[in-house]
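Here the structure is laid out as structure tokens; the discussion comes afterwards.
Read from first to last, the chains carry the letters A, B, C and D; within each, the first residue is number 1.
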């Protein structure tokens, strides 16, 4: 799957972004971590779904990398890289997948439905598009409270863009003129559905104008471009320009989830330029430009894998939640719980 | 409010559309009818809301005028002219407003929530945007059944365009490539809300591209333009081109409903070019071009008013529904009604 | 000076805006001089600049935005133009607001105001009572104030609660109900109220139907029959104890609700009394709801569709006869 | 050859497509070789070209499109990927499909398939049972098949019905339930079934909980206690007569449901029995539902959140002891 240097040409000409290596490190670790998750899943050690970001680590890492304390990040299902870049501890990922009671979701929710709102990272609900307006609300509130300089970033797929919630959320962001960046990754499949059954416009970035957004496109397999375009969008939002829509092009290089063999992905599409593996392209660039040598990469892999292993091992040693000890109360105002006796 | 000839200049130059006079007649009657409805409302003879299309008769009439048998029309609240052009009998309007049991809605639903699906005219539900996908379904079904040459047309306001339902409906129409025309009238208010709290793009027609639609704009106060642009859109849809978005610009020249004095409409906006009264412009054009003379117009008014009066008189003589005789069964499969005894 | 139910809602919001910087109001047509389809925010935008905001016609995003703001420490009040339109915000309410605290331990103190219930000529899409749907899902508090006093104090309390609250205000009561002044006392959220003590039968009801029940009780008094009327006030949590105590006194139960007949508040109340207070019942409990069709436009149909004094009275007689 | 519950759903759809030109299936990821998130349409797109169509992720528009097609004479089946996502189509279902016939006398024969209910590790948004919400509103038929046979015949019947049908298929039963062959007989829609006759107590339940109830009944048999199990099959209309007849036989009632505890099917059943069959009851009726929190992801929590054989058995003892 590794592509020739020509296909990566645009990258090779420019001096690397200052965060290039940092981004690579996170992408690299994400890949290692996700492979680990996949193998745990295959071994029957993870209950429920496992959703990987393989193929879109470059876009995702760029989504997390330019955010600061006080910013809001609402990642979706393929954003392990972005989450790590934003500062989510690896162990919390492992805890959520493995159902540790010590994780941020304490076994109540699983896999990608995790977050830590206090740290600025929202926990997605499954309904695609629903988080867009929630980010708008966070930003609106920050402005009301007199905070300054913050932005919000959320991600969506080309499928999720077709939900009513995404539309309403994108529009209300523009009406409120909150500093929002929405990064839409067109990875050419929504589960098994190809783009021609998802939308009929030439390019999703054409939606930007209709909402009063500034739009930009990016090759999601090219880390340098991702860093450049997404950092610019973040900067523009921070500077008070209208909301930003970035549309990245990639191919999903895994199944929708690890239960899915993705046999519906056509051979033709796998030959498209957007089908390149961003991680491999980045690695190749690093080697070609001698930013790190092969040995350095080996060593990096070992370090990163050790961190992953440690996170997984920690989570595995932690206790699972216990039904009889669980606090079955969905409201924070305990005295307003409805007749707990009704539920046995 | 009558404007100078200069403001109507673009119209005066062209030879009138072949349906110009027919359209005018319907617009004229609509105005007479709506004034009658308003006066019935003020007299306490109509229960519930009365919603007028004053100011957008030109757009609306054009929406109904180019549809044929087999086409689907899904009008909204300000489409009396379009409904009449499509063939809705005046008496059915009166019946629905006055709650006659003989009307198409038999007192079960009122005012603008009327239609006759069998005749191709859907009965809107209130939730804005909900009818868009219903039209798509009608068109899809017609194609499946092998029908040919049909199109569907639905209308929406600039406010209604911000609902998730409108977005999903517009997008799915393009994905299914059904022959849909959607006419969005930007009348600069959604109830009391001005455009700056509704959307932030420069022009709603910019949404067309993002859905893969063909878009066009039209001065909604200029009947000639409305006929030209909307007939072209209908023709394009019929010819198998992508769905069509027509965005018309007007000012709502009545309250949101007759209960509303619209005192929030600013004096500035009333001086805008889009604030002209389409009916007055049309009448002026007709007089200037001697299509009909003043006397002819007087006579026309008398005829049209007589028809309106007759429709209202008929409906007023009809009986109201009676609760004890009502068939309280919401399903068509009577044996599947749930325990009718439960409801007393 | 007298205060209507609607004015109480406006005054409560004025007080909330005055006393608490975190409060803002978000909804369609609520700002400017206009002040909302029902004028529940009339004057507030001018009095509290930047804190009463018009929104696009985007119910899902209105609630989503409120959720985000609430998680960030604000106390948003969302006005739906009609309860019926909350159907397009239901996902945000049930699945985002309702699960937030349990999933992330982040409180989500939004208050969603739903102008609810039937009025003459309003038809299928401007008349609904949706408390049953919102109560079914976990994580929400669902209130149905039936008096001017409750409209005021329960809205103030709703905004203070750290959880999402669905506040169902009845449109029929807006102008029909008047009190002499704003209340100085209150019953806490979660408590039902015996609005009329009785002896022979308990009518358990909520919202506008409380007043139909009171009218019926008044009628029966002439015959020496004393009906007790319990106003639930809060349908989730539901104050089973007060309901059971009432049934213990009277031995007979009739539940009256304006919503559709399958499920909803009346089913829940009867299920609780039957399961937890079976032996208190001297006769079969009964219920009366709206009919199982969309809510009709025509007043002749509407007045038969909802429970009314006549149908309630007939049901009372039936239960008393057992 | 044996048939699973899931295969029965696929076979029913194959038969419908084969026998009736008006039928088509509309949903996410249902076409191509893929055949749906659960493979309920596997092979059908190839076998019936142009009649099994993938849609964008637009639940509201999916249902709206089906409504339009149904009004035009077609018989669309909409597959929701998970019942939980129908929350964003709820407005179309309740307010457009549910009111269409009553308002315009135009039948609206859509069938919406909701893959419902909990399975291990599915969490708050892939586990819900929404039949209670859909049954509350008028104009819909709501089905919850609990057996392979019913999955098959009820889906075929659903599509034949001239009204909108919400067909709640239980994901846990997809692979767990097997029958020897497709059924040749059927019970009509709207009728409940006594799946196990008994003497001492009636468990009235639906969907996956039927099987939990049967397991409990089996347990009690050893003690000489005979539990009757009634499978509601259709929750709207609800077959009160069959339920009452069962309670008449046993004198005792326990309702078991997998949905949230406030309202829903169990409340409705108890309310009907209490109001219409009060004197048939020898003891207080009881109910058991899921807990009043979002549905947890972790299997340890999930198995305690839903009713299970242990908690049902304990409740049975409680009712029997009265």
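The definition used in the following text is that contacts are C-beta pairs under 8 Å (C-beta built on N, C-alpha and C of every residue); 3 or more make two chains touch, one makes a residue touch a chain.
All values reported here derive from a predicted model rather than from experimental measurement.
When chain centres are set by their Cα atoms, the one at the greatest distance from chain C is A. Between the Cα centres of chain A and chain B there is a gap of 44 Å. Each chain gets one centre point, the mean of its Cα atoms, and the points for chain B and chain C are 36 Å apart. Chain D has its Cα centroid 41 Å from the Cα centroid of chain B. Taken residue by residue, chain B touches two or more other chains at 105, 108-109, 113, 125-127, 162-165, 168, 171-172, 175, 197-199, 329-330, 337-338, 342, whereas all remaining positions touch fewer.
Shared interface positions of chain C, i.e. residues touching 2 or more other chains, are given as 55-56, 58-60, 84, 87-88, 91, 95, 98-99, 102-103, 124-125, 138-139, 236, 238, 262, 291-294. The touch graph of the protein chains shown is complete. Here chain D touches chain A in the complex through residues 28-29, 31-34, 37, 53-60, 82, 84-85, 87-88, 120-126, 261-262, 288-294, 296-301, 303-305, 307, 311, 314-315, going by the rule given at the top.
By the touch criterion stated above, chain C contacts chain A in their complex at residues 24, 50, 55-56, 58-74, 76, 88, 91-92, 95-96, 98-99, 101-107, 138-141, 161-163, 189-190, 236-238, 240, 272. Residues 162-168, 171-172, 174-175, 177, 196-202, 204, 206-212, 242 of chain B are the ones that touch chain A when the two sit in their complex.
Against chain D, in their complex, chain C makes its touches with residues 60, 84, 87-88, 90-91, 94-95, 98-99, 102-103, 124-125, 132-133, 135-139, 236, 238, 259-260, 262-268, 270-271, 273-276, 278-279, 281, 283-287, 291-294. Chain A meets chain D in the complex at residues 47-49, 99, 105, 107-111, 113, 125-128, 159-160, 162-165, 190-193, 197-199, 263-264, 320-324, 326, 328-330, 337-338, 340, 342-344.
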